[in-house]
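Comments concern the structure below.
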């Protein structure tokens, strides 16, 4: 039944009847992290599973609480948030990793000469003021016996990366390469990128992930299963057809910059599944590692029960 | 039918007594004038009758009903015209009757014409002269439905001829409907010409000083202004006021 | 028409001047366009992108009009209630001020959690933004009515309601319009902010998308859209003001 | 003192009542505390966390006071300029309105580009938020001065400056205070928002951190701090109003 | 030294001519009264002299200098008191002199006392009676430094005795400083008692109707009010006014 996918109408039209309406809240504005969802929508994978999916932007609200409170069925989040949220007894569970490995890291324009964490010394870091940032930088610098107290930190609030580094107020910041890094490539701006995964195994956490709440898992596992089946299909399609997947995203959200989406998709598609045997799989040790690291660094008030924070059971067998 | 009884009224502002034990009666259909030095408390007495504030002691009765502190029982021309700047002359004069739900534009226009303000129906107060504003306020109170009228120096800003016109008009209206009128003025002549009775108030605090019953027959014509008797009355009242100061 | 041109040329000149300075300094200092695009680039994008974003504008206009209307009504009602019922004023005036201090960012998730993703939470946000200036100015306007006229009305036997309707309300109109002007100005921003609560359409959405894909030119197109909308709303209020407040002495006695 | 108690008990009662309802419904409906913590929990966190956050409060107060003061001065100056120079008003009034419609989110990067991450951009944001209501109300207040008194002043040979200082300014005071009240209310929020532009301290920073680590109780502590600050500012303005506007007829002639 | 020349003044509001070709002179130290029907344009003439608006044609000269449209050359009592509600009585009367930088509180207090307002220095206008407000406005113009005074019905709200007091006071001050005075009133008696010359204006539009030179010697005492000659003047002027209507 996959040969007539392309012919399927993307609009939900009259055929909506009989489909189960579910909603998913994004973590930010639509971007290539979400391509699989849009592909599943456009290619009719959701419909095949009997679902009518509405993709919502979270605005300022953020996905976690919305999903936890049941206003939305699913959401996009990240392991860091979920870890902190679960410690605060917020009942959300990760049901699939969108990207296998952490693609975030510290980026600096090449002219700042930051080749390794040791070079952070004497430089200015632009962040949003969370304790976790200092801890991460500290972890990285520790390995090279550098001193975190020699890094100046500025809270750059909502300012965008390029503005801040270009003006010279900051030297490096924490970015996702798949979006901001790719944009830099498009602008012919040379970046030195230090991925977290290159320096600490413990910091190779899942970001982003798909979440739902515990109640949903208890009451309606079938829907979750169908949903994840379609989403997997969507991401697999995006892995195989990056160019077409990018087009689908651009068509769904025409206000995005097409060039950036295409380049970013090209970069990101191979990273979705990466070395895992299946898209979306999560490992307990990743959850334990990161939570343990946070706890050690005083970023968590109690230890995380990693087993309850994620599950692979809804991924297609 | 409207008889006003003023009974032992006392009023002070911030410990300064303004009215001290004022009592008098305005009979039904009577025209009574109040005379008294500037600042003696005449306007204050009107405010008390109208229920704007309550007297410290004493009571007012209109037709036997106690109206102390009750509003809306009298029709009133304030000392300063108090017109609404955003209303045209016509709308301003209909205000009093509007409050009681029976504005009559036709009558209002006729009245304006009589007050010498024909053609100013749609003017705003700021386009009128001082005397014209005062006439507007006067017409407004004439158009109010209450049968007891209190007029606070309604003609002070008018030239003598216009003033005479207005006085004659007031007498004519009063003669027709026999509303009772309580009238404040500083002109002794005006008081004599219009009133059945003149009440003279003293000052600091105001007490009832003396009453004069004016015996001229009704209807009165302006020629009485020149009679010997008129002058006699005028002198007597003037002397009475003079003693006050 | 002539009058409009006569009144409009000065601000237009200033604005055009600003644009010219901006354009020139863009070229002169070689400001990269992703940092601050030149007006000409913004104009191009504005023209070229019109088919992509015009539906966003409609959606925002709708939201603004609905929200502003509700905000005005609420603001006026609140002001009237506070004015006519001194007890209520004492008890609720502080609460009204507090209502202005719940950061929208914090309120947003709560509103979405309580009311879902529909119109409701958005309209609440705009209303919250709009009603306050109206309520404050109206209350102050009511309170400043000339005592002389109030005295007259009371003596004339006007009821509290009549004093309010015939005297205090018309007297407060200029002040009320001050409030309306402030609110109208905020309403468009309020609508844009409310769209950040989660919407699929609207200038707010267009702007976030543009911003997150680093399309600075589109961000500026959005800003100009907001500004133009806002000016339109403001003009509407000013026209209404002219319509309602006719009596103010002008001409001869007025030096302006 | 007695007067304060007398004026204050009603709103206090309402607020206490609201808290009780909130507390009860929290327990009754078992609202999870990450969604909406009960007042008692917030209180506990507020007391326990004091040493952690009091420096944030000071920083915000500083920012607010500086920003508000500058905003007031700018607002008043703008109003005076617009009022005394009709040409300037025509040209710049529209610009003033436009200034209220640049979304802070968009302005932020620009401000940062121009002024870096220091105090400057923050103060600009607060000023931008505060000056507008003051300017609008002051201009409207100036304009509504009684024509009769203006005529007298002109006839008496008063210069434009004297008419302004001795007549229009005192006459506009009540209206100006309307604006000040609106602005004072916004100033604290303005400061909090400006802290999101990038600050290392302040209630805004405390709140974002609390929010990102899902400490809803702390978020509410922050909200209450903002509200309390705001009430304080408002009270200061009201006291100033009482101090400056003494002449309003009270007592006898006044029914309230 | 202040001589006012009014030369061919014309003024209309919205096509309605109010003043039509008015010319007269007030000599230095002269006391001139204007009489005319309500709404004839007397206050408008004052506004024009004071420079509030410009006449459609014609000019004013003060001591030979053209003052058409120039403000501040005269001291002025408006028809309605126009007090500043937020200023106390004392501050209000000092306003005129304040504008020219020489407020003299001592003198102000003395003047207030003379106007019968001793003890009201710190009262606000809304605490005064109508007549008291009018006296405050009168004192304010007396305290202004200009030597040419224009008074627009300054005593209309006063009782006859207080009015006489004020008139005598005004004459005394005028006798001392020989300021020139232009005085609007509706009381023919007042005009005769005070003036060297009386100018009668007609109405709709106002034109200069007639001038009367009043020959009573100075200083005048109140007893002239009762003389035959005074009555004769009064009748003559009254007749003149009567023809106007």
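Lettered A, B, C, D and E in written order, each chain numbered from 1.
Throughout what follows, contacts are C-beta pairs under 8 Å (C-beta built on N, C-alpha and C of every residue); 3 or more make two chains touch, one makes a residue touch a chain.
Owing to the predicted nature of the structure, the values given are computational and were not obtained by experimental measurement.
Participant: In the chain contact graph, what is the shortest path length, in steps, from chain A to chain B?
Facilitator: 2
Participant: Going by C-alpha centroids, which chain is farthest from chain E? Tell me that one.
Facilitator: Using the mean of the C-alpha atoms as each chain's centre, the farthest one from chain E is A.
Participant: Please identify which chain has its centre, taken as the mean of its CA atoms, farthest from the centre of chain B.
Facilitator: So the chain farthest away from chain B turns out to be A.
Participant: Provide the C-alpha centroid distance between chain B and chain C, rounded to the nearest whole angstrom.
Facilitator: 50
Participant: Please work out the Cα centroid separation of chain C and chain D, and write it as a whole number of Å.
Facilitator: 17
Participant: Please report how many Å separate the Cα centroid of chain B from that of chain D, as a whole number.
Facilitator: Centre-to-centre distance between chain B and chain D: 50 Å.
Participant: In whole angstrom, how far does the Cα centroid of chain B sit from the Cα centroid of chain E?
Facilitator: Whole-Å distance between the two chain centres: 27.
Participant: Which chain C residues reach two or more other chains?
Facilitator: Expected reply: 35, 105, 113, 147, 151, 154, 211, 249, 253.
Participant: Listing for chain A: what residues touch at least two other chains?
Facilitator: 65, 69, 160, 163
Participant: Where in chain B do residues touch two or more of the other chains?
Facilitator: 13, 52, 80, 126 - these are the residues of chain B that touch more than one other chain.
Participant: Considering the complex alone, what residue numbers of chain A touch chain C?
Facilitator: 23, 25, 28-31, 56-62, 65-66, 69, 71, 160, 162-163, 166, 183, 187, 253-257, 260-261
Participant: Show which residues of chain B lie in contact with chain E when the two form their complex.
Facilitator: Its residues touching chain E are 13, 35-39, 41, 43-44, 79-80, 116, 127-132, 135, 152-153, 156-163, 186-188, 238, 241-242, 244-245.
Participant: Which residues of chain D touch chain A once you look at their complex with the stated criterion?
Facilitator: 32-35, 105, 108-109, 112-113, 116-117, 195-200, 205, 208-209, 212-216
Participant: Which of the residues in chain D come into contact with chain E in the complex?
Facilitator: Touch residues, chain D against chain E: 148-149, 151-159, 162, 166-167, 170-171, 173, 245-247, 249, 253.
Participant: Chain C touches which residues of chain B in the complex?
Facilitator: Per the touch definition, chain B meets chain C at residues 46-47, 50-52, 71-76, 78, 80, 82, 84-87, 95-96, 98-100, 124, 126, 144, 146.
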